[in-house]
Every structure is written in structure tokens, then in C-alpha cells.
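A, B, C and D are the chain letters, set down in written order, and residue numbers restart from 1 in every chain.
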Amino acid sequence: MISITHFLVVSAIIFCIGLYAVLAKRNAIMILVGIELMINAAILNFVAFSRYDKINYGGQVFALFAIVLAAAAVAVGLAIILNVYKYYKTIDPSNINELRD
Amino acid sequence: MNISPIVASLLVVVLPFSAFVIQAILGRRSVSGNVALMAISLSSILSAGCVFFVVWTGEATLERITWFTIGTKSFSVGILLNKLTVFMQLLVCIIALPVHLYSRAYMKGDDGLHRYWMYLSLFCFAMLGLTISINLLQLYIFWELVGFASYLLIGFWFTRDAAVQANKKAFLINRIGDLGFLIGIALLYAQVGTLDLVELFGKSGFFSTETAVHDSLQLLDKNSAWITCAGLAFLLGAMAKSAQFPLHVWLPDAMEGPTSVSSLIHAATMVAAGIFLLCTVFPLFNETVLLVITGIGTITAFSAAIFALGQYDIKKILAFSTISQLGFMMVGVGIGAWDTAMLHLATHAFFKCLLFLCAGAVIHEMSHVKAHTNLTFDPQDLRNMGGLRHYMPKTFLCMLIGALALSGFPLTAGYLSKDSIVVTAFEWAASHGGSYFIIPAALILVSVLTAFYIGRLVFKTFFGSFSFREHIAAGKPSLHEPPSMMLWPMLFLAACSLFPLFGVQPLAYQQTWIIRGFHVEVDYPAQHAAHLFIPLGLTIGAIVAWTVGWQWYVKQKYPLRVDNSWVQWANRQGYLNELNDTLFVKGTLKLSDLLYAFDRYVVDGLTKLVTWVTQRIAVFAYWVDKHIVDGLVNLSANTTYYIGHLARHVQNGQLQGYMGFALTAVILGILYLIIK
Amino acid sequence: MGALSILIFLPLFAALLILALPSSLKGSYRYIALVFTLAQLALSLYMYQQFDPTLGGINSISGYQFVEQIPWIRLDLGQLGKLEIDYFVGIDGVSLPLIVLSSFVMLMSIGASWHVEKSVKGYFALLMVLNMAVMGIFAALDFFLFYVFYEVMLLPLYFLIGIWGGARREYAAMKFFIYTLLGSVLMLLVIVGLYFSVVNPASGAHTFNILLMMNPSNYVDGSFFGFLGNYHEVFGVPARLVGFIVLFFAFAIKVPIVPLHTWLPDAHVEAPTPVSIILAGILLKIGGYGIIRVCYSIFPDIAADTNWWLALIGVLSIVYGALNALAQKDLKRMIAYSSVSHMGFVLLGIASLTAEGLSGAMFQMVSHGFLSAALFFLVGVLYDRVHDRYIYNFRGLANIMPTYTAYVAIAFFASLGLPGFSAFIGEAFVIIGAFNAEAMLTGVPRWMAVGGSVGILLSAAYFLWTLQRMFFGQTRLQGGEKWRLALTDLDTREKIVLLPALALALVLGIVPSLIFDNLNASVIQLLDTIKPYL
Amino acid sequence: MTYTVTAPITDVLDQIMASIPLFKPELLLIGGFIATIVSALFVGKRLRNFTFAVYLLTILITIYFLQAQLPTVATGFSGMWMIDPLSTYARIIIATGGGIIGLFIQQRHKLGNNGDVYSILLAAILGMNVLCNSSNWILAFIGIETVSIASYVLVGYFSQNKAQAEAAMKYALFGSVCAAVMLYGLSLIYGLTGSLDFQSPEQLQGLMVAPEPILTIALLFVFVGIGFKLSFVPFHVWSPDVYEGAPTAITAFLSTIPKIGALILFTRLYTAWSSTAFYFSDLTTSFILFVSITSMLVGNLAALRQKNIKRLMAYSSIGHTGFLLMAVFAYQANYPYLLFYIMAYVLMNLATFIFIDALEERTGSTALSAYAGLGRKMPILFTSLTVLAVSLVGLPPTIGFIGKLLVFTAVFDTYQMADEGAVLFLLIVGALTAVISLFYYFRIPFYAFLKNNESPDIVSSDSKILVWLGYVLTACVILLGLFPSILLNLITS
């Protein structure tokens, strides 16, 4: 029998993977992917929790909105990364540091 | 004349001031000094005719107006005319008048003469105002103005470095005294609540017995610590003004000023102001303070006399003798017989002024010689003089009178006053007994020394042969009597230095009108023997001193007549003289040099040291200010700046670095919150 | 619009007028400034003449004169209560002399800035704004208003020093600004605290009215600065004490006291002559004024407790400043440090809590006002000629500039406290008051008074020394013949500027009642407010 | 939520219909959004400024509707949408600011057909309104994301060089990460409380009983998202780079408008959560204290070393955020000073950026050193800039001072109530940072007036309107500084 705990653990793992990707990957696209993972972890949580929210399924609603917004954000992100590539000919964030103190 | 004394005395003060203003406005156009002269002579007439005689015979009057009010206390200014004040005022006038006359000739041709007259009038104004002030604050104001005027006059030749140094020194040392005075005032005000002399000491001053002790003073214990402090503070003020040991160092240097100035300010009037102050606040002093005063007076009298022995600069000798005589007056106050002090103040004013004027005349002529025969020598140095009596007999006469008066020969005024002090001191010592006899003994010794050094001065100047005779023999009659404009004042003062001015009896100081004028009750019995022996002793001592001096400086040592039945005796005498020579004269001179060196290098050196130390401290303080105080300020500023620099290390442009930083912060926060 | 408001805002009109005029008329700016300042002086003199010396002022509104009170900001902050800010001005015996002094010194500085070339428009405009701010500070009776003027004063000064100043002007300007701001921001917190502690009995609203803050009965019990039931502590220090210290700190920077004085020498040395005149002549007085008007009147209880320390600081400043002055080689720096020393007397006098001391302090402020102004002007005269102020580069100036030397000598002797000049009255009565303090049991020991009087001696020392070094002796100049030609004697303008100041010093020295008469009532009232807590 | 399943569907519909009027301004914005897109697509080619006209029109009408809404206090859409003066005023400020920014962009980026930037602006404004008017996490998140995405686009929109592209990327990625983290935190909170309305009693009760560790994680994660929007420490790192990289008009936008919405949200959140005596309330309170103090310190200290004016403004806005948090902390059911400070802040920043932009146009640089000696060339402009600096420091007689004073007043009141050392520390830091800020704000007049540069090369500019707008705003800064009652009475009435 799969309990809520399992969901939470899984989502936590996914979140951490995403976090790792965001912090460690030397590629902007991978960072976007990491972000996606983190968001999905959250969405998983929402869905899992909404099981206990019989009245009005807020969690599921939220999950839907989150998916939409994440998609939008990623779209914009990709566009911007393309734009960056146009100027830098690389998308390794560690090389993109014109702006600094 | 029917002017009220108040108005008259006011005029006496205002006239010189107006003269000062007029000359200040006229500037270079008034070099004749007529204005000043006119003012001072008018003042003298008024002071004598309408103030002195009225008040001295009648009783004291006063007039005061409210000056300003602070909080609820109101301070008044006004005029207090009692015997003491009017006497002092008259004295100042009488001395100032001849000096003005003298200056006309003495200062002739000096560019900046207009300044000279200006300053002189200012000084007279301040000094005269000082004499009749009713309020201690007012007195203080004039007191400082006097010092200021003397500052200006000492530095009259401001291009001479020595002069400028001297006047700075004089002002600063006087400033110390002024502080004492100010502190005294403040303490008195804090204790009694008023600075008005009348409210403090009663209308006609302290010498009219019935008001001797004032009620406001009765309230508080005269021997309380603070009153003692106040007394000592006033003493400090007097010490600086009257050049008492160890604050006397400024007076010898002050001789850099014109001689006429020295005669007026640094011999007769200003330096006497200290004594005058002490007399004014006399009731304040308790036994302790009085004893201190006596001690200081004695030390001053003795040391200064010793210093005078070794000098060659004619003015320096006179300066030291002034200091020593002021010491006498101090003793007079200290032993409670301030009337004798005033008497000596008066007589001393005359003969010391005379001596200075004569010295001035001599220097004047000497510098003429110097000018004509293009030699380079110091016109003030005794060693360059000698035999001048042939060239300037009248001057010689005046000088002689002055010298005799100073050394206290009978028939001179000096005899009266000096005896009065010594005798009273003796009586005082007798009543206290024991070690107190040191004081009169010291005084007697001092007066012998005085006689000696002044004799030396006279002999060295006027006897013997003139050093530069051959130059003058060359026909240029450049060495002669001073012009009559200078001569008359000298003669006048010479006349005043004799006994008739002070009393009909040439030998009894009690009979002088001054002593009888302010009759002081001293609380110790009269010693009639003393009145006989001490004067005698003094006179003999003086004569001996003069003879020794004569032997030494005129006869150039003992001309032995072989064909004389006295030879052996004379020889023995001679041996004695050898003895005397080695023991006393040489010894004294050595001692003198020694002590003078001490004075130069220790006492005066002390002031130099203090100056030096102060400057070092100042430099140090500035160093601290610049590097530590301000340094801290800048340090804190820079630290802030540096922290700002640290805060920027995060901003390395690495996106993931940013994320890492933010998330690490969050994680740390979480950990902290969970663990705590 | 009453006389006082006109006095305050007249310069503002002048500034606007100057800004409005095109630069082609730049010659006229100085005349505009001059005319307006003259009018201001006339007005202030009229007030002086109209002033009723019997009224005390300090903490009683009825005791103030030329009062104007107009509601300015009224605001309901919910449960924060009502915000009540008035345009509230008026003068009493304490502010009157300072106002007259300010308008006088302003006139002097206009005279001193006659030959300014660098961007004249901005210069005079800023000067006028500064003028307005200063007047406002001395007249304001509402703490908010006071603070506004207090801060507004800073900006013109920053630029006046920073733009028209000397070599290290940026450093000096910023230092000055930071120092003062540091004091004033903390002051702002205390103002807020007072605002919450005081209630206007009439309207029941919190208020910034200074006079209401002086009356213990207006304080809310248990409020932060309240008199009664005040348990508040800041880091273990009672709240009222903290408030007093913070306010004192703010004003002490202005006075300035040791060790908060280091902005002063730099500011003075770098500032142009007119600004130095204003700095020394007016701004330092704001410190003393603030201590009397704010610290002592609003916190009488603390004042009674702390005056021992204040007196100590005063004595320290006196001696320390004098010693520093003695060590200076730059004439202007020396005079700057002498200001530190002379202002120390003000603090000592105020702290003595005696009628003599307080009056002496006020008198000293006024006298130092125009004496230091004159001194700085004299330095400026020398600097204009040869652009050098190094003392050892000059010698025997008396031979080539006799009139100048005479003026300098008078100014020096006046400020070293020669009787007959105003400084003497001030210093003497500060000393007398300090001595009297022990008899009055205000807790200032007499050794402090002695220490203070040492300062008089030292001041004589450095002034005379300078006189001897620079003016007397044979003429020797660093710049040789070039300087000798450049060093012309005073011209008429300079004499016109200097004479009134020195004359005033003399007049006040001889007739001190000109100031004391208007002062006494206020001083007595202030002492009465403090007495109960002694 | 205020209704139950048992309610018949018709009631729900009625209620929704009833709530529509409350949503009017936002509907209008949506309409404008579409209209601008359309016009940008079809009309923009021929009539260059048509889109802009539409945009302005939308803004104006919105403002009109909003001020009509002023007195209303109501909730709609079954409690998801709430309207009170606070939000309404906030939205008015946002809309006005949006209008000015629009003008700014229109003036500065005339070339090419960039009509759809206005639609993005409108989207951002819409998102902000949503933030202001909701206490529901869903709406809040939607709002935040809308604003964020719009902002990403705006930053990247004009990108013509490396810096701008980089700025866009950093902004987007950092923002998305923060959003993701926040979302995760929200999910946790949802799980802990079963409610998505942070003012609802259910949620509060849930938070009361929730286990502390998990709650800590949840709350901090949520704050991450808000922190990113408000850019307070430690989530400020992106702002200097982005401010510097983005076109000045956009920087002006970023530094003002998005903060308002987030701030209102945070205010509501804080007031809702700090009210209890439980762990999460303490956590929230201490968090806001800590963050506000560190933000003031870090922002002002780091600004000391900046040589680029836009970076400097970035740090200064971080410092101001800290100060705004101070206001939030002292917020007790009365908003005047909060709103007043927001207005002051917006006013000052917009004006400053307008001038910065004008100078950038003339000197071609945003380095402070480029201003050397320009004070004499453009006296009025730099005088205004100096006035703004004074206001930013918070000295009288400017609006900045009144704002500071009001905030101090409020905070001091809380201090007097709860005699807490931390609050006092907050006050002192607030005061001292003002002194520090003087250092760098006065670099501007320092370079302009005190430094001498005989031949500063400047090209003349054509966008006069903008500069005049700047002057007007500056005038307001002083006017409102002298007579704040004008504004305050408006707010409090």
C-alpha cells in the first residue's frame, strides 16, 4: 500500500535532483531542466496532498496552474538562452559573467 | 576751586584717555606730545588741588552706578575716594608729569613717536583709573589695561627681537598674575557675593578703625581655607605685577623699552600697583597669608640685591634694585604695617624714577658719543663710563641724591621710609620672637648691599676717568649736560627725594604726614630702642658700604703713603683689607655672580623651561589630535568602506554562484532554526 | 506673516531672485545679497529694540515674543495618534542675541565674498539659503521645524565648502557633512521618542512642540521619555539619560567638543573665507544654543545629574584646543583650534548652572561670534594677497602693513580676553560662574574652574606668540620681493567689514548690559526649571 | 473557503456574477492587453504610436476605475479576491508608475515596431494587481509568475548587446529557481494545513500544530520566492547585475513596480501570520527583522564601492527594501506611512532613473566618473538629481524625509509597546545606514559639481519630454516634502 510518505520522499528526491542540476550543471538548458524537476516535485506534492482535501481540490487546481506557468516560464527561458547564445556562442553560465562587481 | 572731588577725580582719569583718543585719531600728525603733556599736567593740578587735599583732610566719598546685572546680582562701577586712593592717584600724576616732560627731549626724533605718546597716555589713563576703582572687577580691568600698555611700551621698538621677546614675556608672566587676581575675585565673589570694595571693606577703606572689619566679612570665618586661597590668589597677582621672586624675571628684560618708560612704569608706578592692590584688600589676609607675603618680600629683596651687585648694565642694576625695594614694601604689607609700605612706595617712586631719568640722560649722552665717534660699544655698560661728573655735573648731582636716598642716608626721603619698614619689622619680629628675627636681619643686610651697589654704580659712572676721553678730546664737544627739558624734571625729582616733602623732622618717620595720615594700629608694642639703634646701624652700614665702594672703584685700591706714621697700621689695615677683600668683596661678588647665574639659568630658565614644555605638550597634543583622534575617525570610515568591499565578493558574476549563495543561506537558516 | 517669518524667509526671496536673474547680470547678485542682508539686519535690530526684557521665555509660551503659530501638518495615524506639526516660531532672551549676531555675521560674510568669481549665481544663492536655514534654527519652537532647518543648513554648506573651497575641499566637506548628519539622524530617533511621550493637553494629540516637551505634566506616564513611572531602559541605561546624551552628542558635534571636533579644523582650512566666517560665527553657536534650548530645557533632570561631566568636557576642550592652537603652523588652523578652546568656555559656563556661568556662556557665544569672524576675515586678507598662511613664512609684517597689523593686534587681544573687549566679559563670567557653582551646590568643583582659567593663559600665549612671529621683528618674507609688493595694506572694503565687528567687540566689552539685560529673565527662568532637580 | 459543496450551483454563479464589478480594472487590463497585441500586430506598422496610445488609454481608464473603487472593502469570487483601500491605492500607484514607464519606453525606444512591449507591461501590471488583491496562494503564485515572466521578457526584449542578454538570462533563471523553490514550500504548507488561503483560520491552525522542522523549511522556501521579487538579502544577488544590464527604462520598471505588489502581498502575509503567539509567528517576525537589518546594511555598505550609477541604484534599492520591510514590520492595520513610503520610493526612483537615462543618452555612459564637471553644463538637471539624492538619503525638506520619519514613528511605537532590543537595533541601523548612504548618493553631486572636467563631451538629446517629466517629479519630491498632508490626507481620508 503506497502511503503519502512515499510520495513525499519521491518528490523530495526529485526536488534535490533538480536543485543539483540547477547548481552544478554547466549548461543553461540543464538548469532549465533542473527547474522543471523542482517544479514537478512541488506539483507532485500538491496532487498527493490534495487527496486529503476533499472539499475543493485546491491542490489539483494549483497543480494545473503550476504546470501552465512552468511551461510559460520555460518557454521564455529558452528564448532568452537562445538570445544569449547569439552573443556569447556558449550557454555555460560560468562563462557568462560580463556583469559583475 | 569748587569742583566736587568725584568729578575732579573722574576728570583726572578721563583727560589722559581723551589725549589717547585724540592722538590715536591724529596719528603721525601729533608727534610733539603736547596733548599728552597738557592732559597729564591738568590731571596733576586737578588731582592735587581738587581731590587730594579735599579728601585727605576731609573724609572719604564715593560715587557708583550700576554697570550691568547678571541674573539678580548687579555689578557697579564707580569712584572710591579715600586717603589711600587719592594718595596713590596724586603720586601717579606727580611722577608721570616730569616723565612726560623728560620724554619730549629724550624721545625726540624717534619715528613712531606718535605711538609713544599714544601709549603713554593710555598707560596714564589705565593707572589713574586703577587707583580709584570702587569695584574689584573694575580694578581688574584697569589692572590688565596697565599690563597691556606696558606691553605696548616695552615693545615700542618692535623691530628689535629682544624687545618683542621681552614684551611677550612680560605680558605672559603678568597674565599668570592676572589669573591669580581673577581667581581671587571669583573666589571672593563665590564666598561673599559682592566685589564692591565698599561693601567688602567699608566706605573709607580699612584704615579708618571704626569700619575696619566689614559685616559681610564678619559673617564668614576669615581663616577659612577658601579665604586663604583667595588671599594667596591676590598675592599671586601682586607678585607678578610687582615682580616678586620668582615671577620677577620679566622686569629686567623689560628694560628693553625706552628709559623714560622704564622710569615711569617699571620703577615708579605700575610695579607699585601690586603693593597697592595688597593694601586695598588688606583686611582679607589672615596670619598665614601675611606670613607668606613677608617671606616672599624678604626673599625678593635679598636675592634682587645680590643680583644687582654683579651687573654692568646700568639699567639692569636699577631694575634689580627696584625689585629689591619692592620686596621691602611687600615686607611692609606682610608685617601689617602697610602704611610704611605706602611711605616707601612714595619715596621710592621719586628717587627710583630720578635714578632712571639720570641713567637715561647718561645713556643718551653716551649714545651721542657713540654716534659721533663711530665706535661700537654698549652705551649702557658701566665699564664704558667713568669720570662723567666733569662733563655733566648737574646730572651727577641728581644721580648722587637719588643714590643717597636709595641707600637711605639721613636727610633723604629714603632714610625715612626704609627705616620705617626695618624698624617695624624689628618690632614685629620682637613680638613674635625667635626665628622671626631673620626678617629684619635680612632687611638690614639688604640695605647695606643696596648702599654698596648703588654706590658702585655712581662711582663707576661719574668718577675715575672716561674710557673714551681721547676721542672727545679730539674737540667734538659731544659729551655735555642733557638739554634742560630733561634736566628740569630730574632736578624736580631730586628735590622730591629729600626729606622736606614728607615731614618736617628729618629723622623721625613717625612724624611724616603719610604715616600720620593713615594711622595703622599694629598689634605689637613699639620698641623705642629700635627707633634709635636701627637707623643708626643702617646709616653706618651705608656709609661703610660707600667707603668700601669708594676705595674700590674710585681710588683704584689703597694708595699707600710710605712717609706716614700710619703705615704699619695702614698695612695691617691693608692686611685687613686683603682679608676683607678676599672674604667679603670677592666672596660677595662671586656669590652675586653665582646667584645671578642661578637666576638666569634656573629661575628664568624655569620660565623658559615651562614655555618649552608647554610647546612640546602642545605639539604632542596636536600629534594626538591628528593621528589618534582624527585617526580613529578616518579608521572607522575606512572600516565601513572595507566592509562594503567585502559585501561585494558575492557579486562575482557567476549565476550559479548566486543561486548557491542564496540557497546556502536558506539551508543555513533552516539548519540553525531546526537545531536551536 | 509676522516680522520673524519675514526675517527668516527674506533670504529665500533673495535666493530666488538671484536664481531668476540671467547670468548676464551676475554683477548684481552680490548687491542683491547685500541689500537683503542689510534689510535683515535692520529687521533684527528693530526686533532687538522692540524686545521686552522682562519676559523669560524658555518654557512658557507667554514669555516668547514675535510668536507665530500656524498648523502645518495635521494627520491621523490611526492608533499612532494624531500627528501635530506646527509652523511655530518665536524668540526669547536666548535666541534674540544669536539672531542679531547671525544677521550681522551674514553681512560680514557677504562683504568678505565681494570678489568671488567662480559661478557667482550658485554661490550667493546657496549663501542665502544657508542664511534662511540659520535664522530658522534660532527661531523654531517646533522640533520638527527645527530639525528641518537644521538639516537644510547642511546642504548649502556642503557645496559652499566643496565647490569654493581649497585643495582638500571634498574631504573636508564630506567629513563635515557626515559628522553633523551622524548627530542629527540619532537626534531624529529621540525626536520621535519625545513625540510619543508628549501629549498636547489642548488637543490630546502627540506633538512636536518643544515648549510642551519642557513641561513634565505633558508627558504620558510610563511613556518612553516620561517623567513618571518610566521603566524604559536602553541597554541598561535609563531612557531619559539616553535621550539627553544623544541630543547632547548631536549638538556637541557642532560646538564642537573634544574629541568630536576634528571636522572643524579641516572644514575651516579648506573653506573659503566667507564660509569660515559663517562656520565660526554662527554654526558653532547652534551647538550651544541647542544645548540650552533643547537638552537643558527638555531634560532638566538629566542636566542636573550630568553637568559635572559636561563641565569636565568643557574644561578639556578649553585646554586641549588651546594646546593644539599653540602647536599650529597654519594661521587659519590655529584660529580654528582657538575656536574649539573658546567654545569650551561656553560649555563650561552652561554646565556650571549658575546665572553668571550661563550668561557668561551666552555672552561668550556672541562675542566669539564676531571676533572669530573678524579673525578669519583677517586671515583671508593675508591669504588673498599671497595665497599662503604658513606662520613661519611671514615676519615683521608690521613694517609693511601697519594698519593690518593694528587690526590683527586688536582682534588678537580682544579674543585673548583683554578687558574692555567682549571676550573678557564672557570668559571672566564663565570662570566666576564656575567658581560660584560650588557655592550654589550645582556640583561643578572649583578645580575645573581653575583648569578653565588656564585656558585664558594659553590663549594669551598662542596669540602673542603668533603676533611676535608674524608681525614684529625685521621684515622677512618667504616670497621675497614679490610678496612685499603683493602685501598691500587693508583697502576700504576690508576696513568697512572689519571695523563694525571690532567696534562691536569694544562696545559690548564696555556696555555688556546690551546683552545681559535681555538675557537675565530667560537665564533665571532656565535655572528655575533646573533647580528642583539639583 | 467561504462556501460548501452543498450550495446549489446557481448561488455560485450569482456570486461570481456579483463579484465581476470588483474585477473591473483587471478585466480592463486584460482587454487592453489583447488590444495592444492586436494593434501591435496590425496597426503598429502604419501608426507608430498607436499601440502606445492604446496602452495609455487603458492605464488611464484603469486608474479611473480604481479610484472609483477606493471606498469599497469587499471580497469576491468566494473569498479569493479581496479589495480594500490598501490594495486599491497600491494598484493606483502601480498603474501610474506603469504609465510613466510606458512613456519612458516610448520616448527611449522609438526605433522599430516594438508595440508588444506595452502588452507585456500591461501583463505585468495585471499580475501585480493580482498580487495586491489576493490572500490565496494560488492567485499569489499566479501573480508572481505573471510579473516574473513579463519582467524576463522586458529585460530581454531590447537586448542589443551581450550585457542585456546576460542580464535577461540571469534574471530568468534565478527567478525561475526561486519560483520553483517557493512552489515547493507552498506545496508543503498546503500539505501541513490543507488550506491555500493564508488568512484563513484553517491555515493558521494548521501552522500552529505543524511540526517545527518541516514548517521551518516550508516558510523559508515560501519567503525565497517573495525575497526574489523584493530582492532583499540574501536573494538580492541578481539585482545589481540585472539592473546594470537591462535598458535603463526597464531598470526603472524593475526597481519600482514589481516590488510594490510583492510588498503588499508580504504585508498581508506578515500581518496574518505574525498575529499569533506560536512558533511560525516568531519565525516570521524574527525573519523580517533579520532580513530588513541585513538588507539595509548590505545594500548600503556594498553601494559604497560602486562606480556605475545603475549598480549603485540597485544596491540603494536593496537598502530601501530593507527600510520598506521595516515599515512592513511596524504595519498595524494602518497603512498611511507604508503607502507613503512606497509612493516616495517610486517617485524618487523613477525620477532618478529618468535623469540617469537622460545622462546616459548624452554622455553614452552610466559610470559616475562620466558626470565629472557636468554640473556647470546642466545645472538644473544636476540640481534636481542632487535634490533626489537628498531625498533618497532621507533629509528634509523632501518626501524621502517624511517617509523615513513616518516609518521611524511607527517602528518606535512598536518598540514602545514591546520593549525589544532587536527593534531598537532596527531603528538604530535604519538611522545609521542613512549616514552611510550619504557617502554614495553624494557621489553624484560630488562628481558633477566638485570635480572639474574642462571638456566633458556631451551630445544633445531629443527626448525633452522625459526630462521635463523628471523635473515635475522632482518638484513633487520637494513639494510633498514640505506639505506631506496633501498626500497623507488623501490616503487617510
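As a working rule, contacts are C-beta pairs under 8 Å (C-beta built on N, C-alpha and C of every residue); 3 or more make two chains touch, one makes a residue touch a chain.
Remember, predicted model here, so these are calculated numbers, not experimental data.
Colleague: Measuring between Cα centroids, which chain is at the maximum distance from chain D?
Modeller: Greatest centre separation from chain D goes to chain B.
Colleague: State which chain is most central when centres are taken as means of Cα atoms.
Modeller: Taking the mean of C-alpha atoms per chain, the most central one is C.
Colleague: When A-B is set beside B-D, which has more C-beta pairs in contact?
Modeller: Top pair by contacting C-beta pairs is B-D.
Colleague: Please compute the C-alpha centroid of chain A, do the same for chain B, then give the distance between them in whole Å.
Modeller: The separation of the two C-alpha centroids amounts to 100 Å.
Colleague: Compute the distance, rounded to whole Å, between the mean C-alpha positions of chain B and chain D.
Modeller: Here chain B and chain D have centroids separated by 82 Å.
Colleague: Measuring centre to centre with CA averages, how many angstrom lie between chain B and chain C?
Modeller: Chain centres of chain B and chain C, defined by C-alpha means, are spaced 41 Å apart.
Colleague: Rounded to a whole Å, what is the gap between the Cα centroids of chain A and chain C?
Modeller: About 65 Å separates the centre of chain A from that of chain C.
Colleague: Where does chain B touch two or more other chains at once, residue-wise?
Modeller: Residues 648, 651, 653, 655, 659, 663.
Colleague: Which residues of chain D are in contact with two or more other chains?
Modeller: As it turns out, chain D has residues touching two or more other chains at 169-170, 173, 177, 181, 240-241, 305.
Colleague: What parts of chain C, by residue number, touch at least two of the other chains?
Modeller: Residues 178 of chain C each touch two or more of the other chains.
Colleague: Per the touch rule above, enumerate the chain pairs that touch, sorted by label.
Modeller: So the chains that touch one another pair up as A-B, A-D, B-C, B-D, C-D.
Colleague: Report the residues of chain D in contact with chain C in the complex, numbered from low to high.
Modeller: So the residues of chain D in touch with chain C come to 332-334, 336-337, 376, 379, 390, 395-397, 401, 404-406, 408-410, 412-413, 415-416, 419, 421, 424, 427-428, 431-432, 434-435, 438-439, 442, 445-446, 449-450, 483-485, 488-489, 492.
Colleague: Of all residues in chain C, which touch chain B in the complex?
Modeller: 175, 178, 258-259, 262, 320, 323-328, 354-356, 359-360, 396, 398-399, 413, 418-420, 424, 428-429, 431-432, 434-436, 438-439, 446, 449-450, 453-454, 456-458, 460-461, 464-465, 467-468, 471-474, 511-513, 516-517, 520, 523-524, 527
Colleague: Okay, in this complex, where on chain D does chain A touch?
Modeller: Contacts found on chain D: 1, 4-5, 137-138, 141-142, 145, 148-149, 152-153, 156, 159, 161-163, 165-170, 172-173, 175-177, 179-181, 183-184, 186-188, 190-191, 194-196, 240-242, 244-245, 305-306, 311.
Colleague: Enumerate the contact residues on chain A facing chain B in the complex.
Modeller: 19, 22-24, 31, 93-94, 96-101
Colleague: How about chain D: which of its residues touch chain B in the complex?
Modeller: Chain D reaches chain B through residues 169-170, 173-174, 177-178, 181, 212-213, 216-217, 220-221, 224, 227, 234-235, 237-238, 240-241, 283, 298, 301-305, 436.
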